[in-house]
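Shared between the two complexes below is chain A, which has chain B as its partner in the first and chain C in the second.
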Partner chain A sequence: MILCMDMDAFFASVEQASNPSLRGKPIAVVGAKERTVVVTSSYEARRYGVKTGMSKYEALKVCPFLTIVNARNRKYTYVSKEISSFLHKITPHVEPYSIDESFLDISGTGIAPQDAAYMIKSFVKKNFGITCSIGAGPNKFIAKMASGIKKPDGYYCVEKDKVIEFVDMFRLKDFWGIGRRLTKRFADMGVFTPADLRAMGRDRLVEIFGVNGDHLYGLACGEYISGVKTEEEPMKSIGHSLTLPENISTREEAEGYLLQLSDMVSSRARRLRYSGKTITVTIRYPDMGTFSQAHTIPFFTSATHHIYAEALTVFDKLWTGNSIRLLGVCISNLVPECVTLYNIEDSGKNWEGLYSAMDEINTKYGERTLQFGSVLNCRRKGSSVISPAWRPSGDRHVNIIDGN
Partner chain B sequence: MILNIHEKIRVGAVFDGGFPKPVWFGLHGEKVLIKEVCYKWKEREGTDVIYKFTVTDGFNIFEIMFSSMEVCWYLVAMDEAS
Partner chain C sequence: MRFKVVRDDIFPFVQYANSYTSPKNLNTVLQNILIDAESDTLSLRSTNMQIGFSGSLKAAVEEIGSATVSGKKLMDILKELPEGAVVDFYHDGSKLNIKSGKSSFRLSTISPEMFPTMSEIKPEYFIKVKSETLQTLLKRTAFCISNDSSKIEYTGAHFSVYGNRLEISAADFQRIATSKAGFEEEFSDEFTINIPKKTIMELMKILDITEFVDVETDKKQVLFKVGDIVIYSKLIEKYIKSITKLFEAEYPIKAKINTKAFVEVVRRVSAITSEITHGVVLSFNNGNLSINSLETEYGQGHETMDDIIYNGEDMDIIFNARHMLEIVTNINSEYFSLEMQGRRSPAVILPEDESYKYLVVPISIDKF
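Up next, the complex of A and B:
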């Protein structure tokens, strides 16, 4: 049996649990001070129509007495890590899916799903004063869909022989893994429900969607092949992006952020012992148009100065001259167990010693204690956004700064 | 309204393994008795482990922290009851 544990309004619930004056009130957690969008809101706020992704101003319009709280990412990542450690006491087969969601395979543990759910809910409530909802089912898809049935603080179990009946409770647009574009495509074909999809038949779906057709037909039948993944998949890329506190419009300003991003990428690559040779730069303009360009260099590197030099070249080709809202740098084409900090052009320079000193100081005194001087010109330093790829441990664990 | 403060404070706390348990702290020469520890969490800053708490005296809510490397307590912020 698979369980899916989903925290209820996670960040908002943690804030309400930490501050009694917020309990029972409509609150919205926003990211950093500037450019703030609602990251999550309390159930009280949701009743007024406050939604994730709304700007602070839109949220205050629908709920004028809304309390806005700045995200305290370190508090949330701590709670997430503690809950993840507890889940590992129930079973080693735990897949953290995001900061507030995990799958557990409790087959072979001898623990009934309702007992496991009770243990988890009690732990979360007792230690963190918050609630979670748990879905149980024969596979991840059913467990995930079941976790949303009785939110908040719910538990819902779907037995194997009730799977078709269960999936037929949903429209395809509400299926986990079916996005807006696919929903539209189905709608254009007159397909709205799992029964419609089943009626098309597996072969027809494969004909239209290729391998994915098989997967989609499986979903309509409540089947899901992929099990709980306990092993971390190898990293394919290491990247960081920053939404800038205000739009920038000069190359000089962009240089500081590109250096900062290159150093964030490099220090993670050095720590995880990866080198890569493809550098991608992403630019988002104020109209939200987002453009990326990659370039592959002829050598592997983990060094800030190589990544930065290449990022600048790519940036110059990509940038239209318009003001910039977001910048991102990513390295891919990775090889593991390989830290490369210099090449033939660097001879005579002790880059290795420099990076080693930087890493030692930053490990001891905290990230960004020692950084490149030009980075000091940046108004935003460090990422204050918890990426969907964030995990409580392993290679995808990244220290996040608080949003205020 | 939340006031960010970040000043060193004197705290009476019980240390018996794991999280320290703050019991009182000094604020403007007065002893504030902690009625309830509302929340506690840990953060890392390099090798320093920082224990953070939100506490209440039954009226105001305070965020305090203990830096295990500095062996110092700080009043981080205060949310005054309106």
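Up next, the complex of A and C:
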């Protein structure tokens, strides 16, 4: 049996639990002080139509007495880590799926799903004063769909022989893993329900969607092949991005941020022992138009100076000269167990010594204790945003600082 | 303009000229070849503004004149004409009429006035070198020129002339190749120029035509005169600083390896290695060498090598198999020497003939 645990309005619940004056009130958690959107809202606020992704202005328009709370990410990542380590006490087969969702495979533990659900729910409620919803089913897909049925503080279990009946309760657009684009494609084909999809047949779907067709047919039958992944998949890329506290419009300002991002990327690559050869730069303009460009260099690297030099070259090609809202740097095409700080350009320079000194100091005394001088010009330093790839532990764990 | 020429005489020139034309849709006239007919000589020219070609050949010119036509189309037509066919060209003012036997074509032309003239070069430096020597030097180094255009100085071959020596060096970010040769006479000129890869590749195609090549340069442009052909090229005006300096370091760990056997083993083992790194592990153990592929989803390959002499402590060092093969297949001595500092530091590859050598940076993978 697979369980899916999903925290209810996670950030908002944590805020309400930690501040009694917010309890029972419509609140919305927003990213940082400046230029941000609603990350989560409490159930009270949702009743007024406050939705994730709304700007502060839009949220206040639908709910004028909404309390806006700035996200305190350290608190959320702490709670997430604590819950994750509790889940490991139930079974080692835990797959953290995001900051507020995890899958557990409780087969072989001898614990009934409703008992496991009770253990988790009572732990979460007692320790943090918040609630979660749990779905149970024969696979991850069913468990995930079931976790959304009785929100908040719900529990729903789907037995193996009830799977088809269960999926038929949903329309395809509400399926986990079927996004807006796919829904539109299905709608154009006159397919709206799992039954419609099953009627098309596996072969026809494979013809249209390739390998994914097989997967989609499986979903319509309530089947889901991949199990709970306890082992971390090897990293495919290491990237960071920063929404700048204010738009910037000069190359000098961009240089500081690109250096900071390159250093965040490369120090993480060095820590996780990866080298890569494709460097991608992302620029978002104030109109939210987002552009990325990648360049593959003819050597592997995990050195800040290589990544930064390449990021600058790509930036110069990509940047239109307009003011910039967000910058991102990412390295991909990774080779594990490989730290490369050297190519023939670096002859005679002791980069290895420099980077190991820097990494050791920053490990011992905290991130950014020792950093490049021009990074000091940046108003925002370090990642204060929890990316969708964030995990409570392992390679994908990043220390999150509180914004503002 | 009207002239007659044997297909086999003109075809190689058109073929050469065509590879200097500009890629499609950039500038129409740059896709064309300029044909100039004078008394008994035909000259063909083409350029993409970075590199230019000029070649002349004898032809039966009946009426002088000039025209530019699509290089690609002219080449395609001539290619399919039978060998030995006499081709009759006639430019009627707007079209170029090509006739041979029963086939006839009318090609659109662009006025020669539109054709850019290659800027004149006032040669300040001059050398004359045996084509064969130059060819050898280039073969040994040209493959190391980087294809990555983000660092422009790496995209060319460095020609250094000093005393009676010519030294050609090239580097990508993980390799350096250098090769030198002496002249019989000493040139008073000393200079270094960085010649773009494209120019080098085109030059190598025509070096077998004559015994000697004239090289003239003003350090901004260079001319290569090979018989009736002149290649003109802009130069890269940036240089890799002290490109051969790395060779001067000490490389205390030495291995003497059989060239042919090494190539065969690396070829076999690398068939299965990682497609991202192309890494092969050279494992020196008790004076023996075994070569492993990196373990991948496909599995692993392993082979031990005989006929080596190794003086160091046991060590594993990983190289890019492709890079290694490109280097070692260019070595024509029976043995070569691989000299190293350690598993993370560059290593040098020295053939028995000391006029050329290579440097290669290993891949620093820790677990394999």
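Here is the rule we go by: the second predicted complex is superposed on the first by the 404 of 404 C-alpha atoms of A that agree within 3 Å, B and C clash if a C-alpha of one lies under 4 Å from a C-alpha of the other, contacts with A are read in each partner's own complex, and residues count from 1 in each chain.
Assume a residue touches a chain if its C-beta (ideal position, glycine included) is under 8 Å from a C-beta of that chain, and two chains touch if they have at least 3 such contacts.
Note that the structure is predicted; figures quoted are calculated from it, not measured.
After superposition onto chain A, the partners chain B and chain C occupy separate space and fit alongside each other. When the shared chain is aligned, no partner comes close enough to touch A:10: not chain B, not chain C.
Touch criterion met: A:18 reaches chain B, while chain C stays clear of it. Of the two partner chains, neither chain B nor chain C is touched by A:186. With chain A as the corner point and C-alpha centres for all three chains, the angle toward chain B and chain C works out to 130 degrees, nearest 10. Judged by the touch definition given at the top, the superposed model places A:175 against neither chain B nor chain C.
Legend: residue contacts after superposition of the two complexes on their common chain; A:310 is shown touching chain C, with no touch to chain B.
Using the contact criterion defined above for the overlaid structures, shared-chain residue A:97 touches neither chain B nor chain C, since it reaches no partner. Of the two partner chains, chain C is the only one that A:273 touches; chain B does not reach it. By the touch criterion stated above, A:298 is placed in contact with chain C alone, chain B being left untouched. When the two structures are aligned on the shared chain, A:339 is found in touch with chain C, with no touch to chain B. Per the superposed model, the minimal spacing between any CA atom of chain B and any CA atom of chain C is 27 Å. Looking at the complex, you find that chain A touches chain B at residues 14, 17-21, 74-75, 78-79, 128-129, 362-367, 369, 399. Interface residues of chain A facing chain C in the complex, by the touch rule stated above, are 273, 275, 295, 297-300, 310, 313, 333, 335, 337-340, 342-345, 347, 352. Within the complex, the chain C residues that touch chain A are 146-148, 150, 171-176, 245-246, 274, 276-277, 344-346, 359, 361, 363-368. By the touch criterion stated above, chain B contacts chain A in their complex at residues 36, 38-39, 41-48, 52, 54, 56, 61, 79, 81.
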